[in-house]
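We just call them A, B, C, D and E in the order they show up, numbering each chain from 1.
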Amino acid sequence: MNETFEPQIVAYCCNYCAYAAADLAGSMRLSYPSNVKVIQVPCTGRVDILYLLRAIEDGADGIYVAG
Amino acid sequence: MKKFNIPHNFEFTSIITLYAQWIREGKLKVNSDWNRDLKIKFTLQDPCNIVRKTWGELMADDLRFVIKTIVGEENFVDMIPCGTNNFCCGGGGGALQAGLPEQRRAYGKVKFDQIIKTGANYVFAPCHNCHGQMEDIGEFYGGNYHVVHIWTIMCLAMGVLGENERAYLGPDLAKVGL
Amino acid sequence: MSKQAIGSVLVVGGGIAGIQASLDLADSGYLVYLVEKNSAIGGVMSQLDKTFPTNDCSMCIISPKLVEVGRHLNIELLTLSEVQSISGEQGNFEIKLTQHPRYVDVDKCIACGICAEKCPKKVLNEYDAGLGKRKSIYLKYAQAVPLKYAIDENCIYFKKGKCKACEKFCPSDAINFDDKQKELTINAGAILIAPGSAVYDPSVYDTYGYKQSPNIVTSLEFERILAATGPFAGDLVRPSDKKAPAKIAWLQCVGSRDINTCDNSYCSSVCCMYANKQAVIAKEHCDDPLDTAIFFMDLRTYGKDFDKYNLRAQEDHGVRFIRSRIHSVFPDDDDKLRIVYATESGKRAEERFDMVVLSVGLSPGKDVAGLAEKMGVELNNHGFARTSCLSPVSTNREGIFVCGTFQEPKDIPHTVMEASASAAAATGNLSHARWSLTRVKEMPPEENVTGQKPRIGVFVCNCGINIGGVADVPAIRDYARDLTHVIHVEDNLFTCSQDNQDHIKQIIREKGINRVVVASCSPRTHEPLFQETIRDAGLNKYLFEMANIRDHNTWVHMDNPEKATEKAKDLVRMAVAKAAYSEPLHQVSLKISKAALVIGGGVSGMEAAVGIADQGRPVYLVEKSIELGGNAKFLGTTWQGEQIGPYLEDLVNRVKNHPDIELFMQTKVTGTTGTMGNFSTTLTSLNGEGKEIKIDHAVTVLATGGREKVPEQYLYGEHPHVMTQLDMDRAFSESDERLSGTKSVVFIQCVGSRIPERPYCSKICCTHSLKSALLLKNKNPKMKVYIVYRDIRSYGFREELYVQAREAGVIFIRYNLKNLPKVESLEDDHLSVTVTDHVLGMPVRLKPDLLVLASGIVPNANTALFEFFKVPVNSEGFLIEAHAKLRPVDFSSEGIFLAGLAHYPKPIEESIAQAKAAASRAMTILAKEEIMVGGVVASVEDARCAACLTCVRTCPYGIPKINEDSHAVIDSAECHGCGMCVSECPGKAISLQHFTDEQLLAKTSALFTSGG
Amino acid sequence: MIVADRKSLDEIQEMIKDYKKILLVGCKGCVTVCNVGGMKEVQVLSSILKIARKKEGRELQVEERTIERQCDFEYVEQLRADCDRFDAILSMACGVGPQFLAEAFPSQKIYPALDTKFFGGAVQHGIWEERCAGCGTCVIHFYDSLCPIARCAKSLQHGPCGGSANGKCEISEDVDCIWDIIVRKKMEQERLEDLRTYRAFKDWRSARDGGPRKSIREELVQ
Amino acid sequence: MTSPIELDELYCDFKESVQASIPEANLDLCLTCGACTGGCPASELLDMDPRKLVRMVLLGMDDEVRKTPWAWVCTMCARCFKACPMKINIPKLVYSVRRSWPRDKAPKGIRGSCDQHIRAGNAMGVPSKDFIWVVEDVAEEIQENDPKFKDLKVTVDRKGAHLVINQNSREPVTEPDELGPLWKILHMVEADWTYPSVMWAGENYCLFLADEEGWKYILEEFVYHIDNNLGAKVVVNTE
């Protein structure tokens, strides 16, 4: 993996825990790479395996499901 | 007198207050023309006993009014800090006779630094303890300033300062107003 | 109390206290008159940049509430008004008000700002704490509510009779110079005073030279310097030369805890925490490292997560904390400021700073004494409202209540709690006048957009510097222009401000937008606000999508603006992709139960139960032990010396004999289902037969409490003379023989608190030890009493106890984690405590007859119960509230509230306030007949359903059922909208509205197509 | 219901390795109920196959269809229109499905994506257990509706074998000894004697041993 | 490690005595906040500072308090008192410490000056007549060699004079020439002033020694002399 590799990572975050945590990381001004894009779901239970597979099919380099 | 509540029917005041009063009343005609070109810098030590511990800001203002009248506002530099918050010179409370010169001089270092910071050639010491102490720390720490009473410079400004009354003046003022 | 009580409440003061109280009152059925003396509401909180402990920017969390008050049908906002006189009594007050002229017609003014541009007269801007300037015709601040200009008294026309520039240029000729002062008379059933307090003016401290150097600022001025709307637009620069500072010092206790230069002997409670916050936030504003030093006496970070915040400030952000009060600040060359201070060991140290912030305290507002007099409200010796700990929000006058900093300096979470509490107290006996004066809002008919091609409007927000300062907002806006279905794009400074809301409504109508995307901050805080706005424009509120380009983007990628801009574009593209598939959804109204379930029979539980029952709603109170009272049973007096015993007895009786309270002693909750409005919980009695009862209720209040931690150190349990504070209280009440003949007593503070295993402060132990020490000294002044402490946290007026204790000769010795006191039992079985005197640095030994350990508070273990209600707890086991700052009594899941020690350790007066607040919050639901449900819920497509029972089995709330013609059915009123059944259903028969597969897949794939 | 498991990915990939365009057909019957062959599982498998193929750098087109059942020709007919467009058809139904498809579309190559296992039920969501071996003559009423034919490794009908130890079958401790359960139940009901009644030996011809079977209902046959 | 101080055996007698004589001393209220020590030039001298002194008093370490020579280094300038949030009168505490010293142990320089002041009315111990002689001698000199001041009038004990000036004893004894300037100023404003002969010196070493009897005696003598013998209305403290 050369250094210029910019992975595209999609993160399914549940509204109450992970999404709130991501907000908190923002208000605490922690910093993390910008390759992660958060998609808000009511609960990680909502994340169908199909989403993960379709994401990979579309070119995702990593998927993060946090709840 | 209040401490022992000794009855007395006279007021107690300071000569500084009188100086200021007399200048304001015009009785004491003095100005700072003499120093307009000489531009000799003066600073002032606020004696704790007459400023912070008793008359406070009033005395601080009177002192500055008198001094600015006799040396010119542009030639006066205040210490930092000054007025009621000024540091003590270290000579008060009998320190000069306390027999602890090393501590006294260490105490006076703050005052010395203050004086040097102003860059003034002369320091007004309207109190004998301050006068003695600042003289001493001046020599001890090698300051090139001179310590004078207000009356000395006031007489100089009025051109009435006698030749023998210039012990505390530096060479720059030795001849002025003779 | 006369029957014809009026169903309205007067709230004096439009700060966060007045705002929260007004919202609670208006939402539970009362007309509110909110009187504010300035031209807009918001109070001191609106001037703050960021707030602790969450670091939210103050404006972002208050503006939704400002807008809500501004648009609330049942809140009559009376700005530039003051109370002249009041008459009448509880239930029926008549209040005379004077409304000063605004000289601007509020209906016509569109706050375009041209008048201010043209106005020649410049005056000091008090909103910017005098740092910046504003015009004589002004808007208090950008997000002000009401967003209307006003002209102040220095206007040239008033002074010299000429100019009128504003009138010439005003596009909607809203200027009205002959606007007169109006006298209004209103009637209200109760009055609630929340005028707040004044920020202390430190010019009397001549040693600090506040006026001499522009780089010596007050903490409020520093907030303005940090704020994006401040005089330097958020750049942290020195006022003297506008250069970025390298070193800043904070001096604590300026205007507090001082009986020499000023006469505020109390502690202002908030300065330690805001200094922590300001240091952390200031560092963020500087590119190169900023050295921050806070000079303090006792570090009073006593609230929830405050100590953690402080530890983070020290360890992660490198803020230096120097325990030394400063004598003087000397101006130095190049506008620097020199501070000479004594270290803890007495050595002299000296540092030069670029800026000095004076952490000024809070003192009574200047016209507050007059107001109190008009109202007949007594003040205490500090000039604040006098209240009793056992009825913390009531004043001496029936029907008049108080909350916020007018009662005592306090932080915003505590203020918000008190605001809700006073709302409940105020309407304690106005319940039958509920909904009598309130109005109903008719929404414009909803446009039917089904079948229409999507026409998306994208609004990109700058949020001051929060987004605009990092990402290239115009580029994001232009990028969005050519995304599919997008017909309108724009960017604004503050999308959430009220003028922008009206602007969005107008654009929606003009351009026929049928989907709206806002790229700004977190939907968790702002989605309801925007949804209501587009609903007001006739669009169904679900035709809306947000892209969080701040919390998830600019705030966390500050070091890489290009990447942040790219990511913002991706997030906007994803949001637009999902918005294209969004469908209108309709909520349906659902009858709700009237009852409330309160769990926990301590003071908090009982106060909440009585609070709700007094409002005429039935309450089920469940207590698992055999008697009511909780910890209060062991307490002697409040810190103000009020007897707790009689109060508790009276409270228990009121609970037992209250017609609307059904008591379940020795009963546990063994299961619950349902959602807000329709919970159904099974209770099991523990005394033998274990009979079960199912009760239906609309809301739940968790008041499960906490208990004193049993100390594991300092010979507790091994030596008879080592006791905890409750043991000491018991010893006092039973005049235990161990107390007679004691010659020396030692208290050790922070036993089991503020340590790595429990990194929090239990908040009450300092006050408790001080109270006990004073009792001992009163018994025998000659007795030697020592308090071995780390920080004495007698915040607010409790500082009086600390002064009295020292006056009585109690000796305070400070220890720290690296040098704990050593407790041994000598051969003659006498106790010995060795500790290092923090001033002399010498070991001292005490031989106390009694050793009292100020042990901390731990929450009662209720993992099963919390599991039933699915409420989260933090790492120490305390319940996590919805929002630490502005929703300290709610949970994130609707309809459940919390109060008392289970939330965080707190003194009894704060527990009572929180319990009443819970009651008030509950009433915002119980007051209604029905609530709107549905929206984001799952729905089944019968044709695809194979009745395979997967959904029935996976749903955590057990809601899906199989009906007679063997299809699954999900009751939209019950469904929590989590979507687990949707992703598990093998036949793809269920879809979660607003989060359908189509929408989420579109959002996911949008990330990977074209760009990103 | 008929319970099946999905074949491993390698096995499926091996089957379709030569084809570029396949049709993946799900069945809304038993395999949906046991979460292995419904519309969701079809989409998931389709995606997995495409990703696997993409990793090999070869392209694969998959179309997805899910019909009511694959064990009735009328439903199978719905695929007729498109069936020729594909190189092969992958059926995600129980074993019956691929065979019916093959019978309906003899020229098309049909492959099974599942391994059909047994008749059974879900003792818990996600765990199915065999209950019936389809022996053709049900005798469970003799054993208090606990069928030793299906649930005993050796289908013994007259008591447990020597290998039964503390309720577990000798072949694996995950398998309960059904006889242990039968005897305990009889003892609870104090009707242990029932097991002593003589019964004729079992006629296995009605089972698989008697060759492939048919079930004909004259009244329904046109 | 030095053995720990047994606090329970110490009793704060000294603190009680100070509180008794100075009720508003507020000693107990000390927050150990360090404001005094931060602003005191005498901090760290002799390993002592105002906060440590107050702390020793509060802990009852009376003999260390009485023993520390620091009491003579502190000049009682009250800069600590100005900033102390609890208004603790540390200067008066130091005064009390000085008072608790046996007279013969106090610094002999200060004791000497105080004794001489009691005896001779000025700290240098110069007899009044010598003071009068010097004054008259310097006055004559000025009258002779400066025509502007030929009718300069310097009097001692002149009844009915409005102002009484208390002159520091250093000038008349060691630097007589320094007396001139003040006289000239007083002359130019035609001030109606005189020197007192009794307790004429302006300094006050008995105060520094904290010898209350001596200090009281000097004042009484001085006041008696002014009110009864001179009847002056205003007493002026010189620079």
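Definition applied: contacts are C-beta pairs under 8 Å (C-beta built on N, C-alpha and C of every residue); 3 or more make two chains touch, one makes a residue touch a chain.
Predicted model, so just to flag it, every value in this text is computed and none were measured.
When the partners of subunit B are compared with those of subunit C, the chains appearing in both lists are E. Within the contact network of the assembly, the step distance from subunit A to subunit B comes to 2.
Steps from subunit A to subunit C, taking the shortest chain of touch contacts, total 1.
Averaging the CA coordinates per chain and comparing them to the mean over all protein CA atoms picks out C as nearest. Between C-D and A-D, more C-beta contact pairs are found at C-D. Each chain gets a centre from the mean of its Cα atoms; for subunit C and subunit E, those two points are 58 Å apart. Centroids of subunit A and subunit E (each the mean of its C-alpha atoms) stand 78 Å apart. Centre-to-centre separation of subunit B and subunit E, using mean CA positions: 18 Å.
The mean-CA centres of subunit B and subunit D are about 111 angstrom from one another, to the nearest whole unit. Those residues of subunit C in touch with two or more other chains are numbered 207, 328, 954, 984. Across the assembly, subunit E contributes 79, 82 as residues in contact with two or more other chains.
Among the residues of subunit B, those in touch with two or more other chains are 84-85. Interface note: chains touch in the pairs A-C, A-D, B-C, B-E, C-D, C-E. The touching residues of subunit C, counted against subunit A in their complex, run 54-56, 284, 522-524, 548, 550-553, 555-560, 563-564, 566-567, 570-571, 574, 872, 892-893, 936, 954, 956, 977-980, 982-984, 992, 995, 997, 1000-1001, 1003-1005, 1007-1009, 1012. On the side of subunit E, the complex with subunit B involves touching residues 41-42, 45-46, 69, 72-79, 82, 91, 107-110, 112-113, 142, 145-146, 148-149, 163-165, 168, 170, 175, 177-178, 180-182, 184-185, 188-191, 202-203, 205, 208-209, 212, 215-216, 219-220, 223, 226-227, 232-239. Those residues of subunit B lying in contact with subunit E across their complex are 1, 4, 6-16, 18-19, 22, 27-28, 48, 50, 52-53, 84-85, 87-88, 90-100, 103-104, 106-111, 125-128, 132, 149-152, 154-155, 158, 160-162, 164-165, 167-168. Those residues of subunit C whose C-beta lies close enough to touch subunit E in the complex are 207, 253, 257-261, 297, 323-328, 340-344, 346-348, 743-744, 784, 786, 803, 806-809, 811-812, 814, 834, 837-840, 842-847. Put simply, subunit D touches subunit A in their complex at residues 40, 43-44, 47-48, 50-51, 54.
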